[in-house]
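Just below sit the structures, each encoded as structure tokens.
Next come two complexes built around subunit A: one with subunit B, the other with subunit C.
Let's look at the complex of A and B:
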């Protein structure tokens, strides 16, 4: 058997290279451009020549795409002014040139060291994402790293047409450490990895319909999922907005008295929690499909 | 501590007698009022409340109602929220998706010809500002509002950089400072209003002059608070124009 590379262990550039058609990736504003953060320099913190994000053009199955990949090891993939402007620019270019845009998220959100500059950049990028969608240009967020997509980047991912997740990916607004500080270890023990992943991990998000695809933790599987979604995109319309409103209202009502993610899993058709926890992403998808059918039958 | 006005007094300043059409329930505002001689839809938060899944849904429901039954009526978003409450169950149920849905509803409104105006009236902090207020066509703030990512003290606690260092740097880097005026220097706020201003006139003017193009990066460069964003973005656009 050939060696399997895990997506969550790859660097941002390795991920891009593995997802794009071989040799097709061309980076925009690459490290030799030396775009570094003046904020970090003033604070005496090491800078990075790409400010923690790789952007560029590539093809996937021969189709033109723009790809951005955040660099988690550089200050948690956080969004500073330059980092954010690269991302905004890429989505603006995607809208203008009608080229689908994929963002490989690995970020805790706004870079605190740059204060509100990163916050505004995220808001600007959201506008650009919706400009893409209005032109039916697909926008896809991939969430498959241990850092996940949190804070403003979590919210930004929810603005894209689609979210592709691996079971390693986590999606949320407040992270576990912040919540533990706020609510106490009793309510949320951030060192309890099983609970953290069941709260914000790919399996739960897929089950709730907040992620459209749940795939193996490798770039090939991520690439295949992206390829299926590149031609699908849609502006928000009244019908979809009303349907989503109903769905989210129902979810809140149904689980308002629930604190245990296992109850959510069971209620959504996962019969064997132990088996589902250990299942690979594709196996989990199958279990969910089988379970959902059963749940539906009972209700009817 | 900065004084925040009681919500009703502030609503009366912004909407006059028509403010009675705005309901307040658990510090979430929804309703219809009058501004600039025409009807406006109002959504918002007050009392610095935390915004959660349920609050986001109520705001979204009102935006949908406006799009469906009040064609092209401008939407005024008032922001006085300290952020999202860090809560495990809220996260488990997908808080990011609730916020994304609220933003999608506002996008739907914009595409259907509704002007979107935000007035940051109190706290406009982090996720609470990102999840609706910062999505407006044009954003205004009262000079008393607490606008920004987080206060310097909180920034220091997380980054371990001493408050004194951050405060000194904030003199040349308004992005590190907290408040309506520094946020305006970054282009994140179009204009700062004073409580002494005729807020009804200001709001009416804001609605009349609004434009849906995102001018924040250009404004940030012009005002000197965010010098790099526009140029970096333009370089990406130039590189991809070939």
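Let's look at the complex of A and C:
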């Protein structure tokens, strides 16, 4: 056990075990239940016992939570009918029982093989998330895997109260390759990893206030960040939605002419780009806080 | 897709009774998932169910599973496999991992 466990290298079940209090996780619909996709067999694709998502009850720092973890290696962590139903049910239970809900995201969005069912499941999960928020039940998305949170899962993560990210995590709607295909390589080069991470990676998302916490690529750090956020929940109403819309309009105006993500970083108060690029997540957070004085009120 | 099932003779399983099942691996390209469940059939048989996306290798599968049942005391278990083109060496590794999860304290 002397090796360092990196969050992005762990499996979904390992992540849940490392984030929950030791031995507290009780899986709902575990693999022996065999709740598998009814569609994949017709396409010659093998099913998975848990349809690519682990859900259950646990405690974190002694506090009850519902927790879900997506299995990225199974069809890209994609949301099929069963996968989505498990996620929806978990958030519905969270709202009903007023227990915070944490989702460890590793997904490109809807499973195209069962597209309509997946789209509907994501929409239903969003409704359940807003039910949670209406009842002041905290909802937290963790984004720290190789796949990140894209498509419907990117949108879904933005519906949650909070996003905890690592430098490894990426958040977006259309993935880099999709953007390149539509807009051309000159507009967005998906093979330029520095560019991709600087536009959708954890550091930039934290800087833009799209992620509330940026932590080490380690389950212990993720767990600590979740524990801090469990108490809080933000309401969703017309007022907050309008305020957010204004914020985003301002952002668009401010950065729409910017071609280089470094300029966005600079404009948000990062003075030493190289140092910030090489900084670890907590160091980066410190740099952002130090830069705050020069940019004024960019952070809430 | 190819599906088949067969039972193999094996010595009875020695493992804590509270652990009902164990899982190893994932359904991904060149990978597979293996689940062990307790007390399926008789105490001296390992019951196997295989579902694979690559047809035509039934004999190799049966040989690998018979070999495993001969080497490890897994009587009284049911093994279910979802495969997406794993190499034979990986099949054996996943079987051993799942067996370890079932019988030993895991971290």
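Following the convention adopted for this analysis, the second predicted complex is superposed on the first by the 290 of 300 C-alpha atoms of A that agree within 3 Å, B and C clash if a C-alpha of one lies under 4 Å from a C-alpha of the other, contacts with A are read in each partner's own complex, and residues count from 1 in each chain.
Throughout what follows, a contact is a pair of C-beta atoms (placed from the backbone, for glycine too) under 8 Å apart; a residue touches a chain by one contact, two chains touch by 3 or more.
Small disclaimer: the values here were computed from a predicted structure and weren't measured.
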| item | value |
| --- | --- |
| Contacts of A:32 with subunit B and subunit C, given as first, second, both or neither | second |
| Larger contact residue set on subunit A - subunit B or subunit C | B |
| Contacts of A:84 with subunit B and subunit C, given as first, second, both or neither | first |
| Contacts of A:173 with subunit B and subunit C, given as first, second, both or neither | first |
| Partner chain(s) touched by A:70 [first = subunit B, second = subunit C, both, neither] | neither |
| Contacts of A:11 with subunit B and subunit C, given as first, second, both or neither | second |
| Touched partner set for A:127, first subunit B, second subunit C, both or neither | first |
| Subunit B versus subunit C as contact partner of A:218, first or second or both or neither | neither |
| Complex contact set, residues of subunit A against subunit B | 28-29, 35, 38-39, 42-43, 55, 57, 66, 81-82, 84-86, 88-90, 92-93, 96-97, 110, 112-124, 126-127, 130, 133-134, 149, 151-152, 154-155, 157-159, 171-174, 176, 178-179, 181-183, 187-188, 198-200, 204-205, 208, 210, 235-238, 241-242, 244-245, 248-249, 251-252, 255, 258-259, 261, 264 |
| For the subunit A and subunit C complex, residues of the former touching the latter | 1, 11, 13, 30-32, 41, 44-49, 71, 73-75 |
| Partner subunit A, residues of subunit C touching it in the complex | 1, 20-21, 23, 26-28, 31, 33, 35, 37, 51-53, 80, 82-84, 107 |
| Partner subunit A, residues of subunit B touching it in the complex | 53-54, 57, 60-61, 64, 67-68, 84-101, 103-105, 107-108, 111, 126-127, 129-131, 134-135, 147-150, 155, 158-159, 161, 165, 169-170, 173, 175-178, 182-183, 186-188, 214, 216-217, 220, 226, 228-230, 232-237, 239-240 |
